[in-house]
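Letters A, B, C and D name the chains as they come in the text, with residue numbers starting at 1 for each one.
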Amino acid sequence: MATTNRRLRCAILGTSGYTGAELVRILARHPGAEIAVLTADRSAGQPVERVFPHLGGLGLPDMIAIEDVEWPGLDIDLVFCALPHGTTQEVVAGLLHRTGHDLVDEMLREDRGDLASGVPGAVKVIDLSADFRLADVDAYKQWYGHEHRAPGLQAEAVYGLTELERERVAGARLVANPGCYPTAAVLPLVPLIERGLIVADDIIIDAKSGVSGAGRAAKEASLFAEVSEGIHPYGIASHRHAPEIEQTLSRAAGRAVTVNFTPHLMPMNRGILSTTYVRLDEGRDATHLRATLLERYENEPFVRIFPDGQVPATRFVRGSNDCIINVFDDRITGRAIIVSAIDNLVKGAAGQAVQNMNVMYGLSETAGLGHVPLFP
Amino acid sequence: MATTNRRLRCAILGTSGYTGAELVRILARHPGAEIAVLTADRSAGQPVERVFPHLGGLGLPDMIAIEDVEWPGLDIDLVFCALPHGTTQEVVAGLLHRTGHDLVDEMLREDRGDLASGVPGAVKVIDLSADFRLADVDAYKQWYGHEHRAPGLQAEAVYGLTELERERVAGARLVANPGCYPTAAVLPLVPLIERGLIVADDIIIDAKSGVSGAGRAAKEASLFAEVSEGIHPYGIASHRHAPEIEQTLSRAAGRAVTVNFTPHLMPMNRGILSTTYVRLDEGRDATHLRATLLERYENEPFVRIFPDGQVPATRFVRGSNDCIINVFDDRITGRAIIVSAIDNLVKGAAGQAVQNMNVMYGLSETAGLGHVPLFP
Amino acid sequence: MATTNRRLRCAILGTSGYTGAELVRILARHPGAEIAVLTADRSAGQPVERVFPHLGGLGLPDMIAIEDVEWPGLDIDLVFCALPHGTTQEVVAGLLHRTGHDLVDEMLREDRGDLASGVPGAVKVIDLSADFRLADVDAYKQWYGHEHRAPGLQAEAVYGLTELERERVAGARLVANPGCYPTAAVLPLVPLIERGLIVADDIIIDAKSGVSGAGRAAKEASLFAEVSEGIHPYGIASHRHAPEIEQTLSRAAGRAVTVNFTPHLMPMNRGILSTTYVRLDEGRDATHLRATLLERYENEPFVRIFPDGQVPATRFVRGSNDCIINVFDDRITGRAIIVSAIDNLVKGAAGQAVQNMNVMYGLSETAGLGHVPLFP
Amino acid sequence: MATTNRRLRCAILGTSGYTGAELVRILARHPGAEIAVLTADRSAGQPVERVFPHLGGLGLPDMIAIEDVEWPGLDIDLVFCALPHGTTQEVVAGLLHRTGHDLVDEMLREDRGDLASGVPGAVKVIDLSADFRLADVDAYKQWYGHEHRAPGLQAEAVYGLTELERERVAGARLVANPGCYPTAAVLPLVPLIERGLIVADDIIIDAKSGVSGAGRAAKEASLFAEVSEGIHPYGIASHRHAPEIEQTLSRAAGRAVTVNFTPHLMPMNRGILSTTYVRLDEGRDATHLRATLLERYENEPFVRIFPDGQVPATRFVRGSNDCIINVFDDRITGRAIIVSAIDNLVKGAAGQAVQNMNVMYGLSETAGLGHVPLFP
């Protein structure tokens, strides 16, 4: 628990990607946190504004290489890992003292004593990669192509969909921050499945995402000329967020659930829209679903069930940590349509990470997250 | 039937909208047609390039008011009606001599004799509005809010989805050109329903459209700042293209079919992508569906079934009359995903209209429609 | 002057436009202000989130018609006028008691006494329209096509380019908030002209603007399909921001200055980029200009002179009140190129208005304006 | 000269870039040409539609590696080189038999005899890279960082701005196809300089380009998220198209001319807009300039001087080989503003290349180039 006199000291690993930059945007104005360390591999030694000129004038430390962080003495409370998928497990293991990995050992040389003790002050980790999201390490291997490198930590990791796991997040040392698509998809579905209002085996999630979700890596498929003025699905029946969604829905259903999840790439920087087609339990209609969601999320600061008939759009959440939801009757009897939208970089990544930080350290859950959406 | 020595003389009613402009773009370079009359209400008296500067230098007649067209002597073969929905029925009725409507009567004063005779040379009409698409005039009334004003002509009108209705189009005097969404949706579905490969009662069509489909009228919802950087569904369970889709699918199924059709508006000028989720008949998979479509559309010049695994995208058809299609297995056993894409202004409107013209007058079906897609 | 125990009570007139919405976005989170009144003509009686769903959950008053505001008892300190150009003069005159205009009289019936007294507590006005920007009422008439309706107030109004007019703003009762283009253009030019570093008679301002600058009115020219995938100049040699720019530059030069100002409309929601081509005073180069700007704006929280060689881009200021500037040598000897960028809705409108409010009421100038730019 | 009975047999080297794809788009429908060879380094062995799915169904040869082309027997008339800058000189030298370069020698092993003879049928080359554009090989070295590798061919190469160099193009064996920015900029300027209507030493060219001009290479700067919703200048005072523009303007002026040329990158696939600020010769105004351009380009099929007052926009030329131009008076006495627009991939690259081909082989200059602009 952070003392009230002192801001949480945060490190961001992987600053040069969009998620890292978004963490900086949020944390730089957070009343209860400060950015003490920024790492970036290829841009080590540079100020942040060299790679992200919009982040100038914020009084930030220069970025350094991860292996050059002199952890002792930095008094870091919390590490945000915004590293590429697959590279995080060993880093986190090192940070949490469960490995003999050389690089990590060296990183942590002298502060090992403190951290290992588990006493107050020991570092905690929020991992924004996919590395600790799948509880089943066999499923991890199947979807990510290699053995999980820190299965013990995987068992400890808490899946940080804050609204659904608040209590476990509060006590966690390692939070696996959810994927962007799963966040948008499961927030409306879980309460409906838990109450048996929809048929868990007939869920079709047609998702549309902005391009920032693909990261800042230079890829032909993310070029302006390839993306603008068009739309197409990708990863059909094979996207790695499908098992993540299914893991959460299966828990809600109490049995294994398989879903259709079809993401689309479209010309938009930020935003995910999920249009989810569900089959209703006997005698139910959209009104029942909406009422259930209204009740379930009544006191949630970041989940807004829209007024009856009003259609969620990604532009209504841009830059904010909100998830907006509504439910509509289908023309086909016995079916309904759920529409949910988030900003993939905020509620789908950095914002939810900070929300989890707030929960983990007993801060107000909305601290630093009061961004009103930017429209237009 | 047009003589070989002479180009078809065409009139375009409603030139100042995007569909009208697209007809001009195509017909201006058509080897077997010429543009003899252009009408536009509010821009009457102006050259086309005043409202569409990209259409300069094409040697076109100035736009005139529809009531100022002096039909006698113009020797028009074919009228393309690109007027707003609801305003076309009486105009078409007038053109085809089935009305006593004053305005129309006046328009046609002197050429009434010729046209009424129905002899070769009488004018034909391709209507790009929705006015003659729904065969059932009761359904028309329900969806469009008023009695059909030319029910006799409605009975005569041929629904011009060329690949499915080629023979009837060839003999038609009045063609109801299909809507953009229905064209993209039903081309893949009809053969699959006809052969019983999919369950007709469990079809979910999630469609994404560019903004030009909303026309050139100044509406807040179509403003750049309202559309760019975002996506949202609209007309959920209430879009007028739903009954049009159902009409075609019901014919294919031999019984009444209801579908889910959920259109989305997104930041793109042209293009419709349909992601259609279907339940398979026992023992079928995506391979069966793909094979059926390959066989059905083997000789169709404008329908391309993509190679196995290649994903259709709207950018691959921009500016062309193509419909591209592929089929994918779902993660849910017994389901499949169909992806189809068209340019809403070409195959979804003006291009298909010209394709129908070609069929109606015995021209090569691809005449004037050889546009290679414009990418990027 | 606001007491420290109490938030400034603000009214926003004209909430349903983009500038109004942006005022709401900023003021809703301002630590020293609260939104007490929101007016909107055509949406009167509705909650803000009906017209701007992104502004839900903020605890705002419903919008009402301007004539339905019951000013007495509301205890309003400050009125932001975000009304269309040309309609503001009488409203402001009414608010400031300089008119017998009926509508206004009626609006103010009972509180006339208080306000007229000019004692502390009297309402102040920040006008975001162009109505009070041109000090010369003849120039106003020439450019806006009608006599100025409140010439007395015009004489009193302070042109609120905060960095240049801070002291006068502090004491103002009526602030004319600058136009977006002038803000971006003159911030770098004024110090350079004042010190004689550039030739005031040879300034070419090529400006590029996002579409939100055109407002939310439904106009064909602002449609997505008309704007996306293109760029064009408009208002060539005739844009109303030209005299506004010249007014400021003439003051700096001490004589009448005429500039070239050529705005372009481009597919972007927010942002203005000014590329300004200047002729240097004998013996000067870009280094001199940059050094002067660095010195001049050293302590300004919202003006950032970029590091040598780094190029300003609109995306680096999106959603923030920043103006970023840099200077480059030209290939033509004796010339230089100045590049400046702002968010037209923030520093170019609502943000600068709030900055002025902060100055007028002795609040910290950055209060409520700490938005880190949203990128991507 | 091509015989009338036979289509020109063309090879495209470098098919996998946007310029290569655009050459395919145009040549695939050219009535007097056929595509006989397509090369692509990394995609060798694949059909074109693997890398450009929009180019399916055109009956094209598969792409092969450049060194696998078996030139003898292919009977190629014309080679379009769409290779990266700096790699073309040796390839062209090989094709035209002026080198002992091994790779090239091997490529040409057996057909060397024929081609060397220079008899009719010998291959000609249109190079779309910058390799042969600068006549002065010293300037080339300065701007491109290495010695020119084929200075003899450089002396022979004709700069293919068709409207200005038609006669030399007609007789050329090697055409250096102009850059996109220079094409848009110099078409209006050359006639004005030649007639002394403007001051050649005070020309400011503010150009705005779509992203396709940066090619299909995966670069961070070309990512959707880096480009959309923004604009910025680049290559300020250092862009390689500056010397190319100056070369042409210097010829027109009869003396060395230096210009300001400032390109901007903006969110648009295709298009270049040049806003050019010029100082007029004594007593001239925009009317004189416009009249001169009207006269000069009266019979040019691809250059359209817009009606007085109508503003060129890139969207009016999208997909076409047109250059549209207009001239406007400045507010500063003695100055004028020229606005010109092209599609950078058509008139700025592949279209002008085909136009040059038509001229070189005595075909109708508009053959295969009748594309009406695609709007919206």
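Please note the rule applied: contacts are C-beta pairs under 8 Å (C-beta built on N, C-alpha and C of every residue); 3 or more make two chains touch, one makes a residue touch a chain.
Note that the structure is a prediction, hence the values are computed from the model and not measured.
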Contact steps required, at the very least, to link chain A with chain D come to 1
Residue numbers at the chain C-chain D contact, same meaning over half shared and different meaning under half, come out as same
A student comparing B-C to B-D should find more C-beta pairs in contact for B-D
Per the C-alpha fit, the turn needed to bring chain A onto chain B (nearest 5 degrees) is 180
Taking each chain's centre as the mean of its CA atoms, chain C sits from chain D at a distance in Å of 43
Between chain B and chain C, the Cα-mean centres are separated in Å by 46
Whole-Å distance, C-alpha centre of chain B to that of chain D, is 37
Listed in rising order, chain B residues that touch 2 or more other chains are 18, 210-212, 225-226, 228-229, 267, 269-270, 313, 315, 318, 376
Touching chain D in the complex, chain B uses residues 18, 21, 24-25, 28-29, 49, 52-58, 211-212, 228-229, 269-270, 304, 306-307, 310, 313, 315-320, 322, 324, 370, 372-376
Counting only contacts in the complex, chain C reaches chain D at residues 201-202, 204, 206, 208, 210, 225-226, 228-234, 236-237, 242, 258-262, 264, 266-271, 273, 275, 277, 311-315, 318, 328-333, 335, 337, 339, 341, 376
Within their complex, chain A touches chain D through residues 18, 210-212, 216, 218-220, 222-229, 267, 269
